[in-house]
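Worksheet for the structure shown next.
The first chain written gets the first letter, and so on, giving A, B, C and D; residue counts start at 1 in each chain.
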Amino acid sequence: MKSDFIIQCIDNITNCIVESESEIESLDRVIGDGDHYINIKRGALAVQSIKGDLNHLTNAEAFKKIGMTIMSSVGGASGPLFASFFLALSKEVSDNDDLHKFSLGFSRGVESIMQRGKSKLGDKTMLDVLIPVSEKLQSLVKDGCEKNIMIKEIDLTAQAGVIATKDLIPAKGRSAGLAERAVGHIDPGAKTCQIIISTICNQLNKG
Amino acid sequence: MKKFLNQTDNFIVDSLKGYAKAHEDLIYLNLDPVFVTRKEINPNKVLLVSGGGSGHEPLHTGYLGQGMLDVACPGHVFTSPTPDQMISAIEYCQPKSGVLFIVKNYSGDVMNFEMASEMITFDHQTVLTNDDAAVFNSSYTTGKRGVAGTVIVEKVVGSLAESGSDLTACKVLGDKVNHHSSSIGVALSSCTIPAAGKPTFSIGENEIEFGVGIHGEPGRKREKIKAANLIVEDMVAAILKDFDEKSLDVKDPGGILLLVNGFSGTPLSELYLIYNAVAEQLSKKNIHISRSLVGNYTTALDMAGASITMCLLDDEIKKHWDAPVLTPNLRWGN
Amino acid sequence: MKKFLNQTDNFIVDSLKGYAKAHEDLIYLNLDPVFVTRKEINPNKVLLVSGGGSGHEPLHTGYLGQGMLDVACPGHVFTSPTPDQMISAIEYCQPKSGVLFIVKNYSGDVMNFEMASEMITFDHQTVLTNDDAAVFNSSYTTGKRGVAGTVIVEKVVGSLAESGSDLTACKVLGDKVNHHSSSIGVALSSCTIPAAGKPTFSIGENEIEFGVGIHGEPGRKREKIKAANLIVEDMVAAILKDFDEKSLDVKDPGGILLLVNGFSGTPLSELYLIYNAVAEQLSKKNIHISRSLVGNYTTALDMAGASITMCLLDDEIKKHWDAPVLTPNLRWGN
Amino acid sequence: MKSDFIIQCIDNITNCIVESESEIESLDRVIGDGDHYINIKRGALAVQSIKGDLNHLTNAEAFKKIGMTIMSSVGGASGPLFASFFLALSKEVSDNDDLHKFSLGFSRGVESIMQRGKSKLGDKTMLDVLIPVSEKLQSLVKDGCEKNIMIKEIDLTAQAGVIATKDLIPAKGRSAGLAERAVGHIDPGAKTCQIIISTICNQLNKG
């Protein structure tokens, strides 16, 4: 991974999030407190504002800086979770990683979210996107899957994960208070993760 | 959305600046990162640190001062503060007797305070408040939300900390007050987050949301509005059931502290009307109200609605509730 | 209309009952006719009697007690009380040092208090409050309305009366504080009278009513909403112009008391944001804020909106403002 | 006047006021505080509730009792004004009055309102109905006008008085604060007075 790839990701993700405003926001208004879009956008803009500094950094340093920036700008539930992901990821990656190493880093990131959130698959959170994506990534990498197929598979997995949150009874996060009343509604954090992942897939497809 | 504001991004900071100016004798405001402390920090007492998303004013910023909190870390509207706020505030205060975090039980607050606590070198403990009877508890879930009972925890522990007690004693009392408290809220209207610009939820002209959270989170059920007495009957029943599940006896001779709390859009006259309805219910059930508080103490931006909190009193809690408090928004005995 | 109420006819009485129960240590409620007094009446001091239509809580009922009012006579919502209420209350109190009526300048209040005063045998005087800068004064008309400045009059005269001063001194100080006070209000939404069931006025999603009265009376103009700083600029200008017309010098070294008052539907966070805007304006103009009060002190049912009151301080007013007060809704120094 | 006439008036007026709810109420919402209908209705019901006691009273006593009842039930601006009217009227009437005597009593009542309200013709209040009606009544009585014509004239005068309030700038009462903004709107108290007067005219016409 090169820093200009990361920077390109940051811009694309920020744009996609802003474009998805009404979609993301309405989800958190239904089963949350309506601020998820605002939080994520604030985080994306904060990360965008440090883009310039990332050039000179190693991947590990860059991800750490991203994590710290998210940690001190986003707040809410999603802030510490996304921050944990990047901080854990930064501990795994180096500048000459192969995909295998990155996929391991990704899974460490996801585990770190699980730890921080005391949450697991099926709790109707962002993890219902991130865990399947992480697992799919490991297995595709292990199978030596072709890049295009891999991208497509990951994207589909993320999308399936979002849909899956719809029928779940929430166990963690703000929506947990609603119990059965949350059934039928998609988790906003899951949606955001899918948008981010799909954006990266898209970028990889083009690049 | 119609609000008094300049730019939505500056809403909280503009408001905090006004707050700090209006109470400059009592309050110190730090802007980068944002935190608020008492003007005079006593580094020898246990440092009481609270915080959470903004939009619940006067919680927590309004409760800084003698006999209550030392530090409040306000986040963006309905968004928990970030760890750097807590860390900077604590470093600014340099406490010598440890830090007690008072945190409302929301994933975001819990995680951000947890990260802060992992990053400080000061001795610390956390009291998690989770008094919302609307939510059914379970060890597999996030659990009950912290709502207006938090004010009582902050007041009571504030008094104990002021008296020089140690961190463990403060933690133990905080947990007890929280355990002894139970709340339930009803919304008549939604709230509107300034940056979102539209109501968090929509609600019919004749509907109420029973069990609503202080961020406009949906509650137990949506129902037709009915006479206040009947709404209050349901609210009291929910609280009594919660005490029952906690195996607490509301008929204890110590009596209860009754807090009728407005979410901000409901006038004081209606809060007193609710108080009257609760008092009538409790009198029928031989439950004794020995302390009262009525007003906007834990709000939800501009939401119309109210919550009822009961806290079972024992001599210790009563003593610390009655003790002097001198903060911008809670003040007695001096 | 969505409110916590049982029957609209009983709204005020239900609310007063809750109020009296919540503050039973401080308050006595009489139901037929309706009046409220301090629990302990001191018949030797000047008896301060206020009252007016309900719907402005905590004005006046919330200001009964040591250092403030002795009696409040609440009328129906927005409707001044009837003379029998004042007469019965005064007979109940049997004052030995005369009665000072504090009356907001509305035809209804003036006439009902006047009729009461004609029918009592006790020595009496009346302070009429008319601090609303929105209305242009004239000796041919009813004149300016009494609004949130009334709280300051009640507090300051309350302290003087408590100290044992005589009726004339209380009347003179009351008139001075009123003359030194000027207010202006802005509404973001209408209020709804429970018995009417619909909003008093309609207002567009992007409109504000500048100069609104505390009963939802129209003000100076209807205009587009704008940044709070700009709204506040207009408000401050209106007040300063009013002081100018009264030939009062706001730059007096005594400074001003700044009251940022919510009408009930506006959250505390927005009131502090307004406070900040006023403070910035005044600092530019070298006007010194030496005392502050921010909160819902003179409300208009559920109206969203706020008013600003400035009161020019001199040593006498300052001393009595700072003096201890112990009432359900204003409390310091004890 | 007989007490059953007065009682009949009370019932008719109460009914007419209740029927005119939306008309009266909307006027006070525009240039007042929206409670005028509620106040007037409360007063009418209070007077209705003492109907039974009026039978045994002289006209003077009956009007006094009505005045006192209004005084202690209505409040607001209209309460003391209507109360003053009846209390002044009660001092003038006896049981064997001719119309001349009653018309004098009426004018005393109106004067008493002017005194209490420190108000006069043209202030955009109830007086803009009551003063012209009072003057018309005097002159018609003086001219020995026929009953039917008198009734019609009084009714028309009251209606003209209401309309006249529309273009006035208010000087007294709550609407005085509005100054020019009140122009174009009818005064609610004037409307109520007209409704009451028209109701009595109607009743006289039938009886």
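Here is the rule we use: a contact is a pair of C-beta atoms (placed from the backbone, for glycine too) under 8 Å apart; a residue touches a chain by one contact, two chains touch by 3 or more.
Since the model is a prediction, treat every value here as computed from it, not as a measurement.
Participant: Measuring centre to centre with CA averages, how many angstrom lie between chain A and chain C?
Facilitator: Spacing between the chain centres: roughly 54 Å.
Participant: Report, in whole Å, the distance between the mean C-alpha point of chain A and the mean C-alpha point of chain B.
Facilitator: 32
Participant: If you average the CA atoms of chain A and of chain D, how many Å lie between those two points?
Facilitator: Those two chain centres are 74 Å apart.
Participant: Taking each chain's centre as its mean C-alpha position, how far apart are chain B and chain C in Å?
Facilitator: From the centre of chain B to the centre of chain C is 29 Å.
Participant: In chain C, what residues contact two or more other chains?
Facilitator: Within chain C, no residue contacts more than one other chain.
Participant: Which residues does chain D have that touch at least 2 chains other than itself?
Facilitator: none
Participant: How is the touch graph of the chains shaped: line, ring, star, complete or other?
Facilitator: Basically the chains just string along in a line.
Participant: Which chains touch, pair by pair?
Facilitator: In this structure, the chains touch in these pairs: A-B, B-C, C-D.
Participant: Taking the touch rule as given, give the residues of chain B at its contact with chain A in the complex, in rising order.
Facilitator: Those in contact with chain A are residues 33, 53, 75-84, 106-108, 111-112, 114-115, 132, 134-136, 140-145, 193, 195-196, 200-201, 213, 215-219.
Participant: Over in the complex, which chain B residues touch chain C? Could you list them?
Facilitator: 2-7, 11-12, 14-19, 21-23, 54-55, 57-58, 62, 188-189, 205-206, 208, 225, 227-229, 231, 260, 264-277, 279, 289, 292, 294, 296, 299, 301-302, 304, 306, 329, 331-334
Participant: Enumerate the contact residues on chain D facing chain C in the complex.
Facilitator: Counting only chain D, the residues touching chain C are 25, 29-35, 37-39, 42, 71-81, 83, 116-117, 170-179, 181.
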